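Common to both upcoming complexes is chain A, partnered first by chain B, then by chain C.
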Partner chain A sequence: MTTTAQAERPAVRKSPPGAAHGPRRRTGRIHRVGLPYLLLLPALLLELLVHLVPMVIGIVMSFKELTQFYIRDWGAAPWSALDNYKVSVDFDAPVGEALLHSFLVTVAFTLLSVGLCWLIGTAAAVFMQDTFRGRGLLRALFLVPYALPVYAAVITWVFMFQHDNGLVNHVLHDQLGLTDKPSFWLIGDNSFIALLTVSVWKGWPFAFLIVMAGLQNIPRELYEAAALDGAGVWQQIRRITLPSLRPVNQVLVLVLFLWTFNDFNTPFVLFGRTAPEAADLISVHIYQASFVTWNFGTGSAMSVLLLLFLLVTGGYLVLTSRGRRSAS
Partner chain B sequence: MRSIRAAAAGAVTLSLALAATACGGGSATGGGSNDSPKTLTYWASNQGAGIEVDKKVLQPELDKFEKQTGIKVKLEVVPWSDLLNRILTATTSGQGPDVLNIGNTWSASLQATGALLPWDTGNFGKIGGRDRFVDSALGSTGAEGKDPAAVPLYSMSYALYYNKKMLADAGISKPPATWDELVADGRKLSKDGKWALGMEGSNPSENIHHAFVFAKQHGADFFTADGKADFTSDGTVAAVKQYVDLMAKDKVIAPGNAEYAQNQSVSDFAKGKTAMLLWQSASANLASQGMSEDAYGIAPVPVQSGTPGTGKQVNSMVAGINLAVFKNTDNTDGATKFVKFMTSDAEQKILNNAYSTIPPVKSAQADAAFATPANAVLKDTLAKSAVALPQVADESQFETAVGTAIKGLFADAAAGRPVTTASVKAALEKAQQQMPAA
Partner chain C sequence: MTTSPMAPPRSFLWSRRIFLTLLTGFVLVPVYVMVSSSLKPLADVTGVFRWLPSELTIRPYIDIWSTVPLARYFVNSLVVAGAATVCSVVIAVFSAYAVSRYDFPGKRVFTVTVLSTQMFPGILFLLPLFLIYVNIGNATGIALFGSRGGLILTYLTFSLPFSIWMLIGYFDSVPRDLDEAALVDGCGPLGALFRVVVPAAVPGIIAVAVYAFMTAWGEVLFASVMTNDTTRTLAVGLQGYSTLNDVYWNQIMAASLVVSVPVVAGFLLLQRYLVAGLTAGAVK
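Coming up: the complex of A and B.
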């Protein structure tokens, strides 16, 4: 105890004013802070291996002519340079045209789905802020679609959307008489609406959950002060709730965007391996380009293009949100 | 606190390391060997009404095989929706079963991957020779001029299943033998919420099987003699249009069938919602859905005119299941023995009886069990008027591209949009452009 104190005294004297700790305590701190990271290092390396290696292999595949003749021995597949990419982005030829169409469908679908998820989720979260009887029950009920296993939930929708015996047609046509004849939801143009419905139904509880958590952090005093100043409910939402939620919203929209854009399960369970043109999302499209037609090279090239697009968009969203946060 | 965190980090590291080694486990051998002579893995396709049915049918036979040879066979019944993907994955990774069932239309495509053991004269010799098998079945075991990639196991053909009572009620004395008769009868049958014919509009493979036969009847083919895709000839366009017109123009198929892909049309037929069904070996399936055998009859699939035969009189594809040996097996001898066992006369009789299919082995086919009126129609079709789907490497791409195009045409027909020669041609043209440049 005394020796430590003696050793520390000169160090304290030498250190500039404001520095609280001596060098020995500092190295001790580095040890203490560093140990968990050291222990995590092997896990981190494996994580990189598990995540990065498949990505690199995918990128390598995209430069190969990997068709059914070569899948048994990848090494023997000839290098095709940029041919797979040329085929994918040649929008005058059928493959490129179909990819572009699928991309545009996916963009439209993602924008609508994310927008609706956010709108419904936020609206529900705001309404659920006030305490009333049965609020807990409602909150739990709202989360059910999110908690259900995807397959079980979507296959139920498939049954509901069926032409002959489906619940949707039964309600819309038989009971309400809104349509002249029963509509097809799983084939043809209506499939886009079916897909959007299921996606929003499945996605909005997540937005609801996140926004609800964000709302807890807004101090009540702000609302009280605003109310004293004569602000109505709508003004309170616009001037206090939404600006305070901005950081939450940015993350929420980014996550929803990535999930929706990449969603494979929903369209695959709804439509099977060949989606109708109106609902031909890019993830299923790429699956079809590689697995169903046995051309893994072109499929990989399309995946790499998709990855680039998502990197650019995701990076843009992250960067702009950071810029705005430092500005505000 | 600190020690807990450290322990947690250690646990995570350890479990990841374990997971990584577990993933890397297993031996990837380059070619065939006989390293583990006492076990075999067998992927069976789903032939019965459900996977459990298949296990019940196959397990006693596998036990017999174990008693004879001492080789234990691990059985896995793979549903059709997964089978091709599973085979592709096994091919890519080199880690698969030793013996497997494949749909016979995939033979040439899978043969091109080189993943399956070729059945040359030597290998055929080990199972009793090539001559034991029916020619039409051997015709869909791989590309012409190459050693077969598989041997035939079960044979099937399409037939017209009809509900006796519904036809009698509509005053129809015998099942239609030509398409004109079918349409005429169909108009009488399609009323009061009942329909004449059932089909699976959203199932690309089913669409292909029918379109292929219609094309034959129009004297056309989807592939040229040297294996190039040729989807847009007048004959193929007329064939596809005639098929889709059964719903679009003739209105003998319920529009709802356009979205069927999970054998709903078989259920509809079993429930008496449709009077006729074009299907392959439906008896076992219908029985499991509670339709008694004397409630329906089986007739040959209609032709344009005359009677079924060769050339334009073809009325079915050669449908069936082939048995293949995975080239990477580490028990080549055992696998060959197993193929010999499965294609032996005794097993062929038992298995084909259980699945209501026809044995592709000549001596087994002669058995009385396959001479019932129902089986006679199937056997006759296979022998006289069935043709194998094109045995080309691009066959699976063809199934996807054209099958999907027809699915789209049925969607149009169901929605009441016109299906014209031009629209059929445009759809087929698009399908052809999706095919790999040969």
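Coming up: the complex of A and C.
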């Protein structure tokens, strides 16, 4: 409401002399046809330059035998038809097997991370819907992991996960005695747990933020009516809050899914260029396949396969959510 | 609930207390480690972990500037993130205005295309983009690869889709009567945009700016491939402390804290706008 009041002021103040009306109107009409396109032009050009054209080039590259010998003049690289794809999906050979393994690790990681982020974020938002002492402070505090730059946050976790001087081993082994000997967290099987912990720590505040915003759109009358009918707090949460959040949740889960699945920053800072096998997320895997082995053709083919998977899954999520929305 | 005439039952209050306490612990431990370790002497961070420093020292905060050229990385990050934010916000405002206020052929294609770029894995266009920038450099002499300009251009497109999407929702919530009144009063369409719609959508624009700045400030992948010694940003520069013979954890924590302060402070100051912006835009 305050925003409307602010907006009215300049609108009223601005009333130029009537003489200017005639010619202005005419140019206005000419503008009207081209103007929207003109307004979209900068965004369109940039999206073309940075996203769409590179994507097309990436797809072309995936059909070329692009090794380090051709990197200076990639146009000269010989066509290789579907060879790069054949190598990528030959799950009996080492390259394909590693890719499949990395894909499965990423799927498991994404499901767990998105699920936990959603659960913690929703629970926190619902518990904090009500005012209580310290709520504002707590809300600000909860947003800190999201606000921190990824590398600063993740590097702190790297320190905490250190074998000899980290906090995690100090607490689990020295103080609680839960493990026989200090564990390695950033190599071996434990690295999956480490990655998941960091990802959830970093990601849940986003879910919290979105659900909090969604809660503000639920009409208060619903709660009042429910309370009059004798519904308790738990029932109100189950019958009103959660169903009302459904459309918000669909967008939220889709965004979280894409961000988590494509996440490069977290594993890259946590493990460096080569991730341990148990936490070998697909983007780092492709990065490694392209830049460490200098085989860009195969790397591109893997990226295209990843894109196809994301398009199908993302499209499915969008379509099912739209179907459900129009049905309700 | 505030709206409920009944007091919440005990089970609710206790679950809330336990849940929020545990969550606060989970959130705070790394923050505590960061702050406390940044005030420790080196011996405290190379030996077994200590909850409390053996002595408090601000030495790490002095040393971080000489161990790696942190000031230069800082300036690079500020320039890159600042410029990317300004450009991204201005471009998003134009696009969102066009989509929100005009009907034109191709509108749906535009919004769907822009939004779907959000789902591209960065790794897919990293290498092609690298090739494009190098070729543009060779053909025109405009150095995009390795320069701040290239990074600005890249980062601003990262935040663009989400910014446009959020601002469309926000602009839609500004009553059309207002800008129609301005048009009748003789403002051009751009006049209506800047005198009416933009002032009414300030919270949404701030939210978008915060998002754009954070995106650019925290990006690692493109920064690690597309920068050189002089244009390196904090995201890559911070790793300089751990590639040396000794790992100066106290300095790493101090540097992490220093680079986090601008974004965290800005974010916390402006978070209510972000929530308001999300409420009006994204969530509707």
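Points worth noting:
Definition applied: the second predicted complex is superposed on the first by the 286 of 328 C-alpha atoms of A that agree within 3 Å, B and C clash if a C-alpha of one lies under 4 Å from a C-alpha of the other, contacts with A are read in each partner's own complex, and residues count from 1 in each chain.
Everything that follows uses one rule, which is that contacts are C-beta pairs under 8 Å (C-beta built on N, C-alpha and C of every residue); 3 or more make two chains touch, one makes a residue touch a chain.
In this text, all values refer to a predicted model and were calculated from it rather than measured experimentally.
Legend: residue contacts after superposition of the two complexes on their common chain; A:Trp294 is shown touching chain B, with no touch to chain C.
Of the two partner chains placed by superposition, only chain B is touched by A:Pro276; chain C is not. Once the two complexes are laid over each other on the shared chain, residue contacts for A:Val95 go to chain B alone; chain C is not touched. By the document's definition of touching, both partners, chain B and chain C, reach A:Leu46. After overlaying the two complexes on the shared chain, residue contacts for A:Ala152 are found with chain C alone; chain B is out of touch.
Judged by the touch definition given at the top, the superposed model places A:Leu35 against both chain B and chain C.
In the superposition on chain A, contact is made by A:Met160 with chain C only, not with chain B. Touched residues of chain A, counted separately for chain B and chain C, are more numerous for C.
Contact with neither chain B nor chain C is seen for A:Trp79 once the two complexes are overlaid on the shared chain.
In the superposition on chain A, contact of A:Gly188 is made with chain B only, not with chain C. Touched by chain B in one complex and by chain C in the other are residues 32, 35-36, 39-40, 42-43, 46-47, 49-50, 74, 164, 291 of chain A. Residues of chain A that touch chain C in their complex: 3-4, 6-8, 10-11, 14-16, 20-21, 24, 27-28, 31-32, 35-37, 39-40, 42-44, 46-47, 49-55, 57-58, 61, 74, 120, 123-124, 127-131, 138-153, 155-157, 159-160, 164-167, 169-170, 174, 201, 209-210, 212-214, 216-217, 220, 223-224, 227, 232-234, 236, 248, 251, 258, 261-262, 264-265, 268-269, 282-283, 286-287, 290-291, 296, 299-300, 303-304, 306-307, 310-311, 314. By the touch criterion given at the top, residues 1-6, 8-9, 11-12, 15-16, 19-20, 23-24, 26-31, 33-34, 37, 45-49, 91-92, 94-95, 97-99, 102, 104, 107, 110, 113-114, 116-129, 131-132, 153-154, 156-157, 160-161, 164, 174-175, 178-179, 181-183, 185-189, 191, 195-197, 199-203, 214, 217-221, 224-225, 234-235, 238-239, 242, 249, 252-253, 256-257, 259-260, 263-264, 267-268, 271, 274-275, 278-279, 282-284 of chain C touch chain A in their complex.
Chain B meets chain A in the complex at residues 2, 5-6, 9-10, 12-13, 16-17, 20, 85, 88, 91-92, 94, 109, 112-115, 201-202, 204, 254-256, 258-259, 261, 393, 396-397, 400-401, 403-404, 407-408, 410-412, 414-415, 430, 433-434, 436. For chain A in complex with chain B, the touching residues are 32, 35-36, 39-40, 42-43, 46-47, 49-50, 67-69, 71-74, 93-95, 98, 162-164, 184, 186-189, 272, 274, 276-277, 288, 291-295.
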